[in-house]
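Quick notes on the structure that follows.
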């Protein structure tokens, strides 16, 4: 259906091209708004899954990582990610699009592209927040949130979406299972490790204790909002809505939805079998795990493949949560590491299995799977490593964790002088 | 004056309130509490079992003159009962003195209005 | 404004057709997202209008009916509803579109059609949840939720939207006052009847007692979200956004909004007159009643007609709630039967009165009204009857209602081992 | 990129025009939905920033101002605002578009235009609610809410957007910093002045006391929803999405987002410096201040200009709140006067400074700044004056403020017979 | 030691707190309660009238030594009063013994710190 | 029977509960309270400083027979202690009588079940 421009009617053709671009632009802008709306989704999930005394702190963090992200990414992050490749595809030219202001357009307006990329960057930053909730100094949070949007995310982002070395290798990550979600999660893992668990999380015998979230209604609302926003995240990443994209965006919406549904159901069934009762908190995480997992391959797999990816992600989720929580003793209050890290890596690898064009199950052999593993690993090492250094430096300088009394009485009062509930 | 404190089922509150009103107890103060008891419903949060016995209850308290005590307890015992484990308890204690803030009335007069009985 | 394709410029024409389809596809996909977002709207209304001790259960139900609905409807429900008519328009061929995966397109992508239809199916299923809240076994809920999306909804849906017998009769139900909302409500009515009222709902003297919802802020947020989502539900059901549809979707947005506004105001005024004070819970229901009622005729009536339909729906709502609650003693915690059933039937009938083309008030006589009545009745009998059989069977096998102690202490702890609030 | 229609292919050209209009229509309708969704945003901010005992009242007010607004504006407000100018541009002909029902179209469907304008009118009305929260009689609220949508907003709206005298003067207010936000705020200021402060707001020594909001999670969710909805408010006000508008709407989304981010960060930093701790409530207000301020010039300034406008708005916000709260002793529970009034006026004036075409900083001299000041002042006097008269009349007739006991025990029980929380 | 329990208006809490601080009562524990009394504001939920008399109040309690009792009660009576129905009540009861958890201090010493009066 | 009331840190609740269970206290009722003390963390709301000393605590209470009193207090003192300011207090008072609602058992029998000790 792509338009073929004849030479006999250039003016009309131009009009037609114009509309094509306008439609794509409209689509991408609306997708941007949907992804932006994921911010309160993340905020509610994190607030709902943690204790009441830290709620104002969590809301403040989520507000500020988006605000700082929007400024920083506009100022320079976008240029590092999408500037001309330097150093063999390791980084984009940071000054090319500095303080971006261009009224040009390609398949859609340049401004729209910046906006769409901005909300993705903010997503990566906000994921970290959950893994480090209830004990991180607010000042430290602001600093590392800036560093993530400024350096960590744009550089590994450049590797794939900026046309860098991973992209040239053939790595596939359609909407960012690895490039967005895992990056946030691996940084968060480094943070949770260096911070240590919340007071009272592990008993004297080392056994994990439950610290129930204060409001699962908020948590569930957050998950529904995220699910809704994901329809901007995945179908929007097609970056166009005309020609063959017309069909593609419908398909991506379908695979996204099926994987989320399968993830929620599978996680529920596992908890039912394992803990005798179907639990809400893990089913909600299961839906998110399905969404994160399908993000890499939502364009490349069949609906049936999407269901399988959702099932696998949802099945692994409860075990992953237990593993980190009870065996590795990494205290991740909202399960961000399992949901975004493990599921993101898993989903990226599964593209190598379920891709209709070159997946293992469709006769593509192990080649793509290998490339996917390279991508998952290299980005993982980058994000975890950079996070580790960052948090170590912060710990030694600004301080990373609040004092004991602040943690016990709540960050809201000591860090912000304000309670969320009165 | 005596203080009566009762820990009862939430679902029984309306009945209890009416029963107390009938025996002349007009003022009651109450709030939500949780009770730790022998119940054994496991809660699971993100894979960790915990808190095997907490249940939601209402604590209600009223201060009344001696002569109201017995009827009030009978009313309570009757209206709050289901017969199943978890119906709760009633405890009585001594109040040394009381004041009505609005008028400054002290002692027994703090809990009743003359001419209004 | 529909494009006329000349033979002199086929390539450009093709481009133009393509854009037309792309725009429709874009519109329908965005409408799908809006309707999907009604899920948290329903969840919040149900959670807000019920007690705190059952909140996790309600959230779980709403998550799971959407998740199961998405899978089941994709797998087979869609085919039953939109497969080629069998048995004289009674049912669609269930295997024609089994595990749907088609990258074709008509006026929009086939995938998009499946997605749009899926979110409608999920709406029907979720309505049942509210009427049976606070006492239904979770396992039973899952089972009947699947049966609704698999059989009950698609079959009566086929009668109208699948081109079945009701459609051929001339029955009009634009976006589903009857086909979606009433179906859910009548199944819910059967369920509420068979379940019986919640413990404490009726005194020893048989008098209805108030069981106030635990959080009307959530309830109100839910209603606003539903109102927002309805702009996908009704205007989206135009299924296109180009040519004359350009005007139609604007008009449908207007009639939808006016009916909702009129419904809310009228319900408020009635409660003000009747109970001395304007009450929030019934005004919120009034807005929903207006929305449900206009759904059948939002395309066919004038703005003034929409206001009247909203007024009638809003006026009847408080009486309908009283009738079911206090006289029929059917315990419907969120008013789903009145809002979706009574208002849905009413709105469908009123198309026969207010339709600008063949309504009674516009000289169309009683013909359409009669046809509408046939549709309302036949779908009502189908949904109630199937629901009745379904719940009777469930009661006798799996069990339908939780034990007394579970109901008293809350379904959250006993059914899910988790509290919503901590 | 605007299409040029050649005479050789009229049919195709017509198709192209049609699509152009359809796209604009689609865009505007979706923007309408986003702006409509700001209603729960306002409701949650107001509810979250006030006390629990008045929550049902606040939700009821926000539901009803939207419902009444939708009906009144359709019936006559739209005509007053957009009817042919009478009296030298002071008012539109109120009967021209009475009970609007036109299936014509210009650049988009007429119905769509009505819908878009309706949700703007509802925004102006709902702003008043916040400034007068927790002590206003519900009946009085309904009356003045109707008067605002019927008279106050449409008349000053006509001055600019209806093509009235301010428009002819060259006044610039792209999406309504002054025309929408300030109008609501200045009416609210008149109301807050005449009502007087809430009981307990000022001690015997005249010192302001804190009356903390009951749920900042709701407040934060509300702000995120408003931010999301603002992407309909500002980019939507471009009224088209094709041709050069393609780029414009992307740019407006960017300037809007940058100003909001800068506003939130600046307000946070100011509170950090001033009160030792970064406070959530004022940071949330800071984001809104940035949004309101950029609304007038989002199309006319550069991204850098947008950041500066956000910074200025965010910096002034905490001082403005203190000024009204502690010095003028105007009790505005949610800060509506500072957020919508002060920031709205500021943003409108700053167009005269930062406008790329004729702003002071871009060599345009003081001319535009002067015109902007005329607009800000005239609309301010109109809105405040009309509000003042309206509330004085209401006070003398229906009564404006609830009795002492109602205010102390909560409006929910006495005014609505219902609690929000149980 | 004596225990003072007062049920007061929410709107009066700040004043009461300050008044108690002035007479040397530094530690107070409080929580939200609801009171059933004579008020008759009908609540209506979905068409059903109910619960005609519940009002929101704050319960505050402090344990103090005898010598603080009288000034504390006077401070309470003054600061919590509006003069309108619903101002609430004060009740006094006996405390047999007390402990400061941090130090294990027992008896009167549990409620004051030596050298800090 | 004696009533024990303890105001403790929220973070210590689980430990305290287990410690009490170990010395035979099976039934506990608890709820969230706020304490006014000497802490000085300023809260700021919209530019106004307020409420400089409120902290969140848990109030727990149980009624037990005399013989359980001492072990229970020792368990409490040990399990609720962090050593930092704010650990809270324990107060003991007299209960005149008690009833088990389910059975009507009165007096000491209201707090234990025969043959179940």
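Chains here go by letter, A, B, C, D, E and F, matching the order in which they are written, and residues are numbered from 1 within each.
Rule of thumb we're sticking to: a residue touches a chain if its C-beta (ideal position, glycine included) is under 8 Å from a C-beta of that chain, and two chains touch if they have at least 3 such contacts.
Since we're looking at a predicted model, the values are computed, not measured.
Traced through touching neighbours, the fewest hops from chain B to chain C number 1.
For this pair, chain A with chain E, the centres built from the Cα atoms lie 50 Å apart.
The geometric centre of chain A is 33 Å away from that of chain D, both derived from CA atoms. Centre-to-centre, using mean CA coordinates, chain C is 51 Å away from chain E. For this pair, chain D with chain E, the centres built from the Cα atoms lie 44 Å apart. Contacts with at least two other chains are made by residues 9, 12, 16, 19, 23, 26, 30, 209, 212-213, 215, 275-277, 279, 281, 417-419 of chain A. The residues of chain F that reach two or more other chains are 14, 31, 42-45, 51, 84, 93-94, listed in rising order. This structure has the following touching chain pairs: A-B, A-C, A-D, A-F, B-C, B-E, B-F, C-D, C-E, D-E, D-F, E-F. Put simply, chain F touches chain E in their complex at residues 2, 6-8, 31-38, 51, 57, 59, 73, 76-77, 80-94.
Residues of chain C touching chain E in their complex: 208-213, 271, 274-277, 279, 281-282, 285, 318, 321-322, 325-326, 335.
Put simply, chain E touches chain D in their complex at residues 9, 11, 14, 41-45, 55-56, 84. Chain contact summary for the complex, chain C toward chain A: residues 9, 11-12, 14-19, 21-23, 25-26, 29-30, 32-33, 36-37, 39-40, 43-44, 47, 55-56, 59-60, 62-64, 66-71, 74, 99-101, 103, 105, 108-115, 118, 138, 215, 218, 415-422. Here chain D touches chain A in the complex through residues 1-6, 8-9, 12-13, 16, 19-20, 23, 26-27, 30, 34, 51, 212-217, 220-221, 223-225, 227-228, 231-232, 235, 241-243, 245-247, 249-251, 253-254, 257-258, 260-262, 264-265, 268, 275-281, 283-284, 287, 302-304, 307, going by the rule given at the top.
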